[in-house]
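Structure record follows, encoded as structure tokens.
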Amino acid sequence: MIIVIKKGSTDEVVNHVVEKIKSAGLAVHISKGKERTIIGAIGDEGLLASIPLQAMPGVEKVMPILKPYKLVSREFRSEDSVVEVDGLKIGDKQIQIIAGPCSVENQDSLTAAAVEVKAGGASILRGGAFKPRTSPYDFQGLGEEGLKYLREAKKATGLPIISELMDPRDLDLMCDYVDILQIGARNMQNFRLLKDVGRTKKPVLLKRGLSSTIKELLMSAEYIASQGNSQIILCERGIRTYETATRNTLDLSAIPILKEETHLPIFVDPSHAAGRWDLVAPLAKAAVAVGADGLMIEVHTDPENALCDGAQSLKPTKFSILMEELRRVALAIDRTI
Amino acid sequence: MIIVIKKGSTDEVVNHVVEKIKSAGLAVHISKGKERTIIGAIGDEGLLASIPLQAMPGVEKVMPILKPYKLVSREFRSEDSVVEVDGLKIGDKQIQIIAGPCSVENQDSLTAAAVEVKAGGASILRGGAFKPRTSPYDFQGLGEEGLKYLREAKKATGLPIISELMDPRDLDLMCDYVDILQIGARNMQNFRLLKDVGRTKKPVLLKRGLSSTIKELLMSAEYIASQGNSQIILCERGIRTYETATRNTLDLSAIPILKEETHLPIFVDPSHAAGRWDLVAPLAKAAVAVGADGLMIEVHTDPENALCDGAQSLKPTKFSILMEELRRVALAIDRTI
Amino acid sequence: MIIVIKKGSTDEVVNHVVEKIKSAGLAVHISKGKERTIIGAIGDEGLLASIPLQAMPGVEKVMPILKPYKLVSREFRSEDSVVEVDGLKIGDKQIQIIAGPCSVENQDSLTAAAVEVKAGGASILRGGAFKPRTSPYDFQGLGEEGLKYLREAKKATGLPIISELMDPRDLDLMCDYVDILQIGARNMQNFRLLKDVGRTKKPVLLKRGLSSTIKELLMSAEYIASQGNSQIILCERGIRTYETATRNTLDLSAIPILKEETHLPIFVDPSHAAGRWDLVAPLAKAAVAVGADGLMIEVHTDPENALCDGAQSLKPTKFSILMEELRRVALAIDRTI
Amino acid sequence: MIIVIKKGSTDEVVNHVVEKIKSAGLAVHISKGKERTIIGAIGDEGLLASIPLQAMPGVEKVMPILKPYKLVSREFRSEDSVVEVDGLKIGDKQIQIIAGPCSVENQDSLTAAAVEVKAGGASILRGGAFKPRTSPYDFQGLGEEGLKYLREAKKATGLPIISELMDPRDLDLMCDYVDILQIGARNMQNFRLLKDVGRTKKPVLLKRGLSSTIKELLMSAEYIASQGNSQIILCERGIRTYETATRNTLDLSAIPILKEETHLPIFVDPSHAAGRWDLVAPLAKAAVAVGADGLMIEVHTDPENALCDGAQSLKPTKFSILMEELRRVALAIDRTI
């Protein structure tokens, strides 16, 4: 860590900061320039986390050198991690497609959707049993009943299933039914939930929060990994910006940056980012071209009558056409779908 | 709700939208202009929530007319709500000050802080027992032990206490110890937690999420109110913007807007917004001047050795001086502290 | 335009608004619902632009129905516009690549870069003669001398040239030398400059401002078109968000939205958005996949010694490899480069 | 400047960076830690501005130590600057109020507004002769005619006048008529215009750009100062965020930060930030409480018929009441109005 001291500060001020750093167990290197005195703290920066260096008298700026995440970093593990689900390899050369309805509504429509997305080439089925909704008056999901429908749809198609976990009290239940636990954007910094999930052996898809930085996303993954579960898939799903023409701004630059910073597989959810089905196809192609390891796409057999997010759901025929297009883009960058 | 139809759309397209609206139980009014056909949906807009009108063929734009929150709206209740805690009136002419350390560390320092902030004029004591921390390697709070220290500090000073609830499994425990439950910014859209809190009789301070709109804040308050608990205090604590000179950008314009939209009392937390103790005083004065009903200020007897957020904590002497200044500003706008 | 009246407003209040609208020359339609009275203003919404309806007593909300841009809208012209420069068709099936150094430094390096980018497959040469720099102490460009070098590089390679116009006093000079005038992000709302450029016959590449909405970009294009020049190319180059891992967040969702809203060709500049050369390749591929009509890429023969933006410039060899990759992605979406 | 080298980099890589820094004329200090090698570049960081250190092989992070602005920094001049206009002291204990209509419309209404705002206590008259408008079809200002009206209004009231300069070709004209040149938010990074203004002796009010950082605002002020004009007043007027309930988010935290970073006086424009007249009063009071040296407030004798920004303009009576309130808040913080 580098600590820049304000111009004109006394030796006493510098020494006070130095003592603080030493008392935390780090070594110190002082460099007195013409303009500024600079203190280098050498050792484990985590030990300085609770020391309010920034607020100490004479301190102008505190600049960390090391990264605050370890287990999920590319530095810790240089090869790409591959998460295995029912024999499916996530994070490998093959791009995996998660598809299905926003929320589980009933057995028939779910199984129909599952059959359709499988035919189109999806390898994982999605469907929400517990739904985070902005309004208390909107449909909140079927709960365990929805999980049962998902299990039946899996039986019918062989597709592994993913569903969102919203509450720690549902964790055991969810683990009984689903193959991948999804942590939604709103829970990305629900640290207790992350720890709980970290204690299971289930693969986890962790969505980036609506206004979370890439660094914060990695810190949340670190929470899960720190408890022993390294089966983590990251997912970019759009961030909040001033632009109102789309629901969120899909941050595709995050993909190559994450590829550099972490060994974890990275997915993109173009449906939630855009909020409009007609933007899903171009954004999905861009996500493949930019290097995503997988996509999460909402598909509904009857979007106009969907109980949730119908506006952003593709019909199965449109999904099949899109899959054809995606295969061509994947081939152009030497990957497969 | 107003639905604008794309130029050149056929009657069939218009009729399809009209049928959809009617089937949800609303009446319809059609206005054919030279440039656009406009459909007015008359009745309860909530019934249209799950219909993806935006995605229907020929629909250019969907514009809600009514507000999605009811119980918390100024329209529902025109007089200001006053939340009572141990005889203290929150949301009345008197501005209430919550003060205390970021996290509870031990009995002595907490009680010392409580005595000091009471002497300075604070009327409620804050202190975190469960702490949301970005890094899994940082201090996570003392848990129930911390709650016990808070209870002792209350005994010593008479100050009612507020502490953050992070997990539904802690709700009963928290209710035993604290006078006001705090829902932190990261949990503002933890809808299950909001519902649980809504079922208690405890006053709740609900912090605005880091990138939540004013409308979303009110929708989250509506979640709590919809379960029967209307003892809600809102709290602005800074939003995430592109500016990096402060930790967050304190959105003081939110205060007069919230005053117009809702009857609930509104607090401001300048400490978390700024992240630097030297900005707390000017922002606190501005918050009073703009019309806040209360402030939440971090005070620590020894900020340099605080286990959490020392950089933004005031020492008791600075807090006392600030309180003197705040009293003068409050008088200038015909309020008291 | 739809004007929503506050609940409980008197007839007098409604009539006052109605009179205001009528006096501007629009017809009025009133709809009295149970919850709200709604006034529809029928006719040219532009006539209401200067009337502060929002601030009138009793007005809750004002919602425009029509789009504020006309000449550049897809509604005004349904086929794609093609801008022709020296026989080159911009906005057609062929994707055009603009490449070259950030700033013109000297004749030799510029011509060398021009030869290299042409060999790689670029069809237009870029190079700044007047440079907007954040610091007054940084290199500000060679001015007319730089324009002369560009002309020579064009002679040597046949590539048409584009360069940025910063000041209306340079307009005639620029028109003598360049084939396409570039309006930079910082000048997107320099309305006088837009008008001046609108009075020339030169093709214009208009970059989106750092925090401009898609609607504002189209309004700025409308400024140019309103003066008679419809040879306009739009360019997305990243927007400012809270994320600090990239210089700007490239908003690729803007491309399909612009394709729907306007007939103008749309380019993407991945170099400025990312600020790092290693992100240019993945973002360029994504931009092609999402539907851009062209790219603008910084290439320098010796980035380490560039006077400007070396960090984001590709070396010619990396550019050639990227062009090969882009050709494959273009083919995958049935376009060519 | 501190350069952090990636883990595992060879000595050759480190030496290459070191040579680059030395060749720019700075000294180098190398610190090899267990985790990272760190290079300290000692000397004038400006000399490194054009070297793309960030893009060099092996470089992980580049961290500037010194501030990029000099003349406007508090370090360069520790006492507050006072800008004098017609004997009026701006930046002193007395808070100065600029008031008047958004745009100059005709002599009578302007003089009437001037008389009113003077009676209310304003000390400077504002009025736009050249107006930046988002739409080419909106009123663009009266030009020189407007300036003449301003001169007459000054004669009638004695109030010095401020008006916005949009184009370098109007500079001489403007200097003949106005006392303070205003650079609007959209021109904050119109660097040529800043330089031109820097060569005059006129006081300049520089508004913060809509998405400009505090650092960028200071760099733009540095542009003006670097040409010899240090009569600069900064003005916060709201920044663009995701929140849509207000037109912009007024960033009042910027005031204490600017007070620390620079010696220049700082104003706040609550009218443009809010876009609604009913928010002007609470935000104006907050701006005074937070420490602003002055305010800029839009006042119109007949807002409903204003040609520009009527929605955010106060009527003279409301302005007078606000001035009374502001005087009380100013006294509460030991200043005067």
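As written, the chain order gives the labels A, B, C and D, with residue 1 at the start of each chain.
Operating definition for what follows: contacts are C-beta pairs under 8 Å (C-beta built on N, C-alpha and C of every residue); 3 or more make two chains touch, one makes a residue touch a chain.
This is a predicted model, so every value here is computed, not measured.
Within the contact network of the assembly, the step distance from subunit B to subunit D comes to 1. When the interfaces A-C and A-D are ranked by how many C-beta pairs touch across them, A-C comes first. The chain with its Cα centre farthest from the Cα centre of subunit A is D.
Between subunit C and subunit D, the centres computed from C-alpha atoms are 26 Å apart.
Once the centre of each chain is set as its mean CA position, subunit A and subunit C turn out to be 31 Å apart.
Centroid to centroid, with C-alpha atoms defining each point, subunit A and subunit D lie 39 Å apart. In subunit C, the positions touching at least two other chains are 211, 240-242, 244. On the side of subunit D, the complex with subunit C involves touching residues 20, 46, 49-56, 68, 132-140, 166-169, 186-187, 189-192, 195, 210-211, 216, 219, 222-223, 226-227, 240, 276-277, 303-304, 306-313.
Of all residues in subunit C, those touching subunit B in their complex are 2, 4, 7, 29, 31, 33, 35-36, 38, 40, 42, 61, 63, 65-66, 75, 211, 240-242, 244.
Those residues of subunit B lying in contact with subunit D across their complex are 211, 213-215, 239, 241-246, 249-257, 260, 273-274, 278-279, 282-283, 285-291, 325, 328-329, 331-333.
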